[in-house]
Amino acid sequence: MYDDIKAVRGVEDVNNFWKALANHPQTLAQVWSEVKAVMAPGALDPLVKEMVYVAVSATNGCEYCTYSHTAAARAKGMTEEMLGELLAVAALANKTNRLANAYRPPVDDAFRTT
Amino acid sequence: MYDDIKAVRGVEDVNNFWKALANHPQTLAQVWSEVKAVMAPGALDPLVKEMVYVAVSATNGCEYCTYSHTAAARAKGMTEEMLGELLAVAALANKTNRLANAYRPPVDDAFRTT
Amino acid sequence: MYDDIKAVRGVEDVNNFWKALANHPQTLAQVWSEVKAVMAPGALDPLVKEMVYVAVSATNGCEYCTYSHTAAARAKGMTEEMLGELLAVAALANKTNRLANAYRPPVDDAFRTT
Amino acid sequence: MYDDIKAVRGVEDVNNFWKALANHPQTLAQVWSEVKAVMAPGALDPLVKEMVYVAVSATNGCEYCTYSHTAAARAKGMTEEMLGELLAVAALANKTNRLANAYRPPVDDAFRTT
Amino acid sequence: MYDDIKAVRGVEDVNNFWKALANHPQTLAQVWSEVKAVMAPGALDPLVKEMVYVAVSATNGCEYCTYSHTAAARAKGMTEEMLGELLAVAALANKTNRLANAYRPPVDDAFRTT
Amino acid sequence: MYDDIKAVRGVEDVNNFWKALANHPQTLAQVWSEVKAVMAPGALDPLVKEMVYVAVSATNGCEYCTYSHTAAARAKGMTEEMLGELLAVAALANKTNRLANAYRPPVDDAFRTT
């Protein structure tokens, strides 16, 4: 498993997340398989996917994930300006999510039919 | 304020979120100003920003926001395939965030220095 | 238990939350006892406590709780202006929480020693 | 920007959060402007606002924010007893939010009409 | 895929979650495969797994998931008393999580070495 | 209070969580009383309860709680294999919670009537 991770990623050692998952080999195999499939190029490019990962990880407050996926996004070409805009969007979403949760506007019909 | 929202968005009526915010005019003015600035084209294109908004809103479980920003992303060109990939990434991030939270691997030095 | 709830609150019927908890009498008794003790006047007044409850409930996206505690705060004197300011603070906190989660500034020494 | 922060707050140096935001000057300017407006005295006093900030930050598990806003609330007069009551309310809200999420009582009509 | 779901579960129709996932066939296939593997009998019995699912879903406030997994747990033998105790634990955990987040006790050495 | 904690748990010193709660004696007394009642053997055995606690704490990203309750579950007999399966379920739930939040399938009638 580690050899495949190193080959696909072009790295000399796997990072600590994968070593931790090795405590439960089925989980290690399942997660690595899913990461390879989901993060591959498709209708969305890998950098966009990596930035979505950063936004979700910051929303959940996962320290390890925020560090590792910010580094991964930079390795795929994310600039400081792109990171700045990404986090401004994620922060704004976290803010308006709570305004909607509290003021409770009914969902507009137009949004349900698209 | 409503007139500016209608003009910028090219819509005939503002949606229910803005009507709810009108209960506190300072918040309505502040949020609209921030949305215009943050969601404008920049280093990231508006569709990517809208998709990040969907991923964060689904992570937080905000019903109104998930509906409204999914509709907005579709209006900006998001296909079903793009939505499918976006949610697969967001779902995977939510999963690995908790594996990292529980197994607690130390943050790799390489991630801190990039 | 219902009689005590009605007497303490001065209401003619208990609301649906308490009826739902009646499925597990120990939980009903424990929660009612805790609510009475924690929400009573103390170093903080009951309206401040009720507004904190609204802010936490909106953060967690609990629909029932947002409705019930917003109503309770209004019954204790919260005006629309106070609600507007409360939600502006809660929304801002949700936003800056994620900026801190993502940019990861080290905690200033001064904050640890107070 | 730093000079304004130091002047408004009466501090000799800005704390690490603002230095981190300086990576994206638009975000630094926007957040500081919003913090000044939202946290100012109004229908709610600044100490109440600061305590709401602590409750939301603890709910979201933001380490930096919990430290910084607890220190800020103490600087504005929060005693240990007030902190104890604040956290007891926030903890209780987090608990009953999940009981409501799981038992799913319907929202009482009385809560929707106030 | 639907036939396999019906056969494994012994049901006449698949529920709405699977129909929604059909919008993105790769996600439908991946999630169904993972659910079959992860929820199967193992070191933990399926009822315990289903109850863990309910606790997580209530913590996240997912309405659909709370309903569907509570029904699934009941189908596997969960009584009202077991549900009551399950939710009392989940609610308590949500409460003490925030007390720990706010009071920030250092992690005891004994917990790191086990 | 500390003596009772040491006696019930059979430990020589209380852990840091309880020392932190001592800042607000009412909270210390209330939480200890609730923990003793809720975590005691009942319709669910204490190990199952402890594992639910771990799953909720990982979902919320509470570092202290994840460490302390993982240690407690191990002390009650949780093996590495059981931990692996527990976290696989918790991670999967976090993932499908967001797929349901975003695709928004209507709750099946069958789930509401059981």
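The chains carry the letters A, B, C, D, E and F, assigned in the order they are written, with residues numbered from 1 in each.
By definition in this document, contacts are C-beta pairs under 8 Å (C-beta built on N, C-alpha and C of every residue); 3 or more make two chains touch, one makes a residue touch a chain.
Since the structure is predicted, the reported quantities are computational estimates derived from the model, not experimental observations.
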Common touching chains of chain E and chain C:
A, B, D, F
Neighbours of chain B that also touch chain A are C, D, E, F
What's the chain with its C-alpha centre farthest out from chain A?
C
Chain D turns onto chain E (C-alpha superposition, degrees, nearest 5) by 180
Please decide if copies chain B and chain E contact each other with the same set of residue positions, more than half shared, or with different positions, and reply same or different.
different
Two candidates, E-F and D-F; the one with more touching C-beta pairs is E-F
Can you give the whole-Å distance between the Cα centres of chain B and chain C?
26
Taking the mean of the CA coordinates per chain, how far is chain A from chain E in Å?
22
Hunt down the residues of chain E that sit against at least two other chains at once, touch-wise.
23, 26-27, 30, 34, 57, 59-63, 67, 70, 81, 84-85, 87-88, 90-92, 94-99, 101, 103-104
Quick check on the complex: what are the chain E residues that touch chain D?
54, 57-59, 61, 63, 66-67, 70, 87, 90-92, 94-99, 101-104
Which stretch or stretches of chain E touch chain A in the complex?
26, 30, 34, 37
Residues of chain A touching chain F in their complex?
23-24, 26-27, 30, 60-62
Within their complex, chain B touches chain E through residues 61, 80-81, 83-85, 87-88, 91
Touching residues on chain E, where the partner in the complex is chain F
15-17, 19-21, 23, 27, 31, 34-35, 38-39, 42-44, 48-49, 51-53, 55-57, 59-60, 62-65, 67-71, 74-75, 79, 81-82, 84-86, 88-90, 92-101, 103-108, 110-112, 114
